[in-house]
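Which chain is which? They are A, B and C, in the order written, and residues in each are numbered from 1.
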Amino acid sequence: MISVSKLVKEFGAFRAVNGISFDVPKGQILGFLGPNGAGKSTTMKMLTGFIEPSAGTASVGGKDVVKDSLAVRRQIGYLPESAPSYGEMTVSEFLCFIAEIRGKRSAAVRQAAEAMRETCDLSAVWNQPIETLSKGYRQRVGFAQALIHDPPVLILDEPTDGLDPNQKHEVRNLIKNMGSNKTIILSTHILEEVEAICQRVVIIAHGGIVADATPSELRQQSKFHNAVTMKIAPNQIEKAKALLSNIGGVAAVELLGIDNDTLRVFPKQGEAIALRISELSRKENLSIHQLQVEQGRLDEVFRKVTKSDNLNQKSH
Amino acid sequence: MENFFPLFKREFLGYFRSPVAYVFIVIFLWASVGCTFFLGNLYDSNQASLDPFFNYLPWLFLIFVPAVGMRLWAEERRSGTIELLFTLPVTMVEAVVAKFLAGWAFLGVALALTFPLWLTVNYLGKPDNGVIFAGYLGCFFMAGAYLSVSCFTSALSKNQVIGFILGVVICFVLVLLGWGVFTDVLASFLPAGLIDIISQVGFVSHFQAISRGLLDSRDLIYFVSAIVVGLSLNTLVLNARKAS
Amino acid sequence: MKLLKAVTTTSSGLAILIVAIVSLNIISSKLAFRADLTQDKVYSLSVGTKSILKKLDKDVTIKLFFSRSIKELPIPIKTYATRVEEVLQEYKSLSAGRIVVEVIDPKPDTDDEEWALKYGVSGVRLPKGDQMFFGVVLLVGSQEIVIPYLDPRREEFLEYDMSEAIVGTLRKDRVKIGIMSSLPVMGSGNAMAGQEGDDTWAFVNDLKRNFNVEKIESTVQEIAADVKVLVVLHPKNFAESTRYAIDQFVLNGGRLIVAVDPMSRTDLQINSAEMRTSGQMPKVNSDLGSLFQAWDLQYDGANMVGDPTFATQINAAGTQTAYPFFMSLGEANLSRNSVITGNLKMMLIAEGGSIAHKGGATSRFEPLITLSKDSGVIAGAMAAYMMPSDLSRDLKSDGKEKVVAAMITGKFPTAFPSGKPAMEGDTQANPSRPHKTTNDNETSIVVITDVDLFADGNAVDKFRFGQQIMVRARNDNLNFLVNAADFLGGSEDLIAIRSKGRIARPFDRVAEIQKNAQQRWQSEEEQLTSQLTDLQKKLNDMQAQRTDGNRYVLTAQQQSEITRFRDEERKVKQKRREVRKNLREDIEKLGRQVVAANMLFVPLAAAGLGVAMFLRRSRKYRKDRHGVSK
């Protein structure tokens, strides 16, 4: 549905996006991750036709974003960062305006707007000027605006930014419920969000893609992947640490916890050590109070990939 | 151009959504009526014509038109709605023209609301209504030319005030160019032929020609050209700076 | 690279756009279309001009001298010059190749400048010392007609001036017009026309533009056969033989314009010296007596007509007063059916009389200037003695519409059935033409019963412009005369152009209020003024006594008398000021009302609409919130 190939954007001497390529098939929800200034928003602006790429191509639904910009825009619902809208208009006026621009005429305009009133739960503020609304409502109005023409492609730039946890939850549900027939790209720097809703994650840093995988694949890249955390009786701690370090496949053992009663065992890349640890503890009669195998941590992966990239960049 | 009308409608009605528009209209009416009666001495002149009114309008427009135009693009850029606007299926030309025409129509409304002056001279005497009509037409076209300049300066900065000041300055220069006192100064160091061309570029000589009652294609083409140039510059500036 | 490309494409796009626009403006300056939105079509060539150009059978060269290269040229003049050039091009395009237009910029110390001076185009000195030429010369064969300076203030008359000049060049022999008057209308002849010191009446100069004007002495016994139109102005004390000459002129097919007056104030002013020395009232009325009888006209030569409806403000004894014998007549009074008055807008009749049709099957009477039913008459002889205010008071309406000017057409009998009247010292024993008893073909006579309206003071404003005296019409008085001469002299084309100028459009409403206020306050004001005059006279007398007799010594009684008078004078003056203020009061009140109405109604409506809109929007959303909280 969306295809990006060697996309480059330069602002003067600064290269904001440095030749990225990826494809998003129909129905996928893609999380777009990256530190601030990594080029997420710039990429999205190029996809939505707001700015033109300096080089490379991108297409949405088979239409080129430069040559056929209007056709691309018609297929996309876009929520720009911080959901800008015309503050002096009321919610209903604004949505009717967008509906008209989206090609609806006469009765269909009202209909489309009213549908959004339900979907995005805007009844309470329906006739209120947007500038008087809370951040959460403004974000919902932004959603409504992006969804009003039922687009096949949704591009959402930090849709939950600045919302309280409840509102974030609502928005995530909204996105998840949008069904499998929509292709969605959303940018965020909140990792739990990605885990919660995305089927795939692309991490970019300094204008380049540093990771492109499913959330679980990414977690596997974490040094915490398959790490085992266990709580042991304090008198056995030293012994256990020495024993664990000697198991095959263990990379390191770390002491943590306030009472110094917890050990974390990191496996070597690709090794599964949980079974071996449990065998060992039975054999050595370690009294383990608690044992937990970790899935891996996205924030750690995120830091790792974006930092290392940083080093690479500098070394170049 | 299928999205032209919704855009125009939003912009035009947008003026009336904020109280600023009403304040603007009231002040404009007071200023124009005030100039006509107190500076132009319409009543004491004992002449059934709106010349005193039309003589002051080019100067009033100098402030009022940039005030109408300053919001148009600066506000879009400041609030970020420009990103929303240009990711909707709307072309740049459509948006530029729709905004301009909406502002122009608003100025037209403000101008039309000076109709009591027209009623007044018709009540007091028998004016040449053809000349008055021409005067209004000339004013309307001149307002369009001022507005296209203001659209352009509004796109230059996110700050409305900067757009306003630049608009006033450029319009002021364009008014000056046709003003005798100023061209006399220029004449002291420039050749006569050049002075001729320079004074043709100014607004006032074309406006005066129309407001005398003679609708000349050249004056109309001049104003239309001025509008097209202003809007083209507007488009260029937007292309270059919309994302910054 | 991309950026560079973007910059070059956009800036080249802009360059193309600018080139396109500049060339569009240049092209359009060649193919201009114009729509003339003025009611009077001030800027369009009229049917009359087109007809003149169609009839053009000689080549005409029009040279426009304009010093365009002067740097400090005022912009209005430049704009006007462009306009003149356009008008001339228009003439050229309508002339089927007969007209050639040359535009010449006479730079200092060139042949062009010399030619300009030679043709009589007048140079105007600009403040910085440059000599500016802005005039037109029309050449046909060896004949040349010059408009020495094109006054931008005459823009509305540009076409008329041009067409008139062209008509002037066209005529092989200009129509000869004779002027016969008991007033010094031809001037002393001390200065050239239009120059300082020229005391020729403006109407004579106006006629000279189109006609070969000839002065005819009022003692003439026979009018030359080549005079086509005869203007007789104020025929006072004309001898029988002169009247016979006029009679025979008409019966031989000559065209006559005659202005008579029951009371000519111009004449009165000229003869005031005589009145002072002899103490006798001079004769200031005129009549043609038996001639009018013969032409089926009934002229009331004894009475002056007035009409309060059209009263004009005059300044009499320091007071503004509406004087019903000075009548500002508009389109309602000026016959729309006649080519003479059909396009006139405003005429000022200054103490005129009236005429009527006596009846008669062989003549048609066509009123040209008519008054309303409110008009009345007063003996003309009174006017010389009485104050305007008294005259106004004595004017009573007689309910009849009066005709001030008319044209009579038909066959007329002679007023001298027994032939040429005998007179002493008859030098011309054998008249060159035989006595006629009636005219062979119908002829027309235009009669107007006022003379003063043609005096410069009532007809024109004069401005000095360098050495030139610029004359601008104040009303259509002279156009009436020129139209009549044109019509009777045979050129109807110019009539179609004349007087489409923008004549002043005063506030009728204000004039009306002034008239009403006048009626209300006039008597009181006059009473106070006469009181004041009395007081001043007494005061003067006392002071005169003082200087005559005991020079510096005043009796206590005299002293207190003077103080008392002074005191009274002050009071009366104060009172009069108030009355005068009242006179203006209504007008000023209307002015204040008009300003207030303009300042209040629409702005308040706009503000109200704004508040209503705001309330509506906020109410709507409060309702929503309420609904939610429930």
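Miscellaneous remarks
Here is the rule we use: contacts are C-beta pairs under 8 Å (C-beta built on N, C-alpha and C of every residue); 3 or more make two chains touch, one makes a residue touch a chain.
The shown structure was predicted, so the numbers you read here are calculated from the model rather than taken from an experiment.
For this structure, the chains sharing the highest number of C-beta contacts are B-C. In terms of Cα centroid distance from the overall Cα mean, chain B ranks first. With centres defined as mean CA coordinates, subunit C is found 89 Å away from subunit A.
Averaging C-alpha coordinates per chain places the centre of subunit A 49 Å away from that of subunit B.
Computed from the mean C-alpha positions, the centre of subunit B lies at a distance of 40 Å from the centre of subunit C. Looking at subunit B, one finds that residues 17 touch two or more other chains.
Residue positions 617 of subunit C each touch two or more of the other chains. Here subunit A touches subunit B in the complex through residues 45, 48-51, 70, 73-74, 76, 78, 80-82, 84-89, 93, 97-98, 100-103, 145, going by the rule given at the top. In the complex of the two chains, the subunit B residues touching subunit A come out as 2-3, 6-7, 9-10, 14, 17-18, 79-81, 83-84, 86-91, 242-243. Within the complex, the subunit C residues that touch subunit A are 2-3, 617, 620-621, 623-625, 628.
Interface residues of subunit C, counted against subunit B in their complex, comprise 10, 13-14, 17-18, 21, 24-25, 28-29, 31-40, 42-43, 68-76, 78-79, 502, 504-510, 591, 594-595, 597-599, 601-603, 606-607, 609-611, 613-614, 617. Subunit A makes touch with subunit C in their complex at residues 10, 12, 54-55, 90, 123-129.
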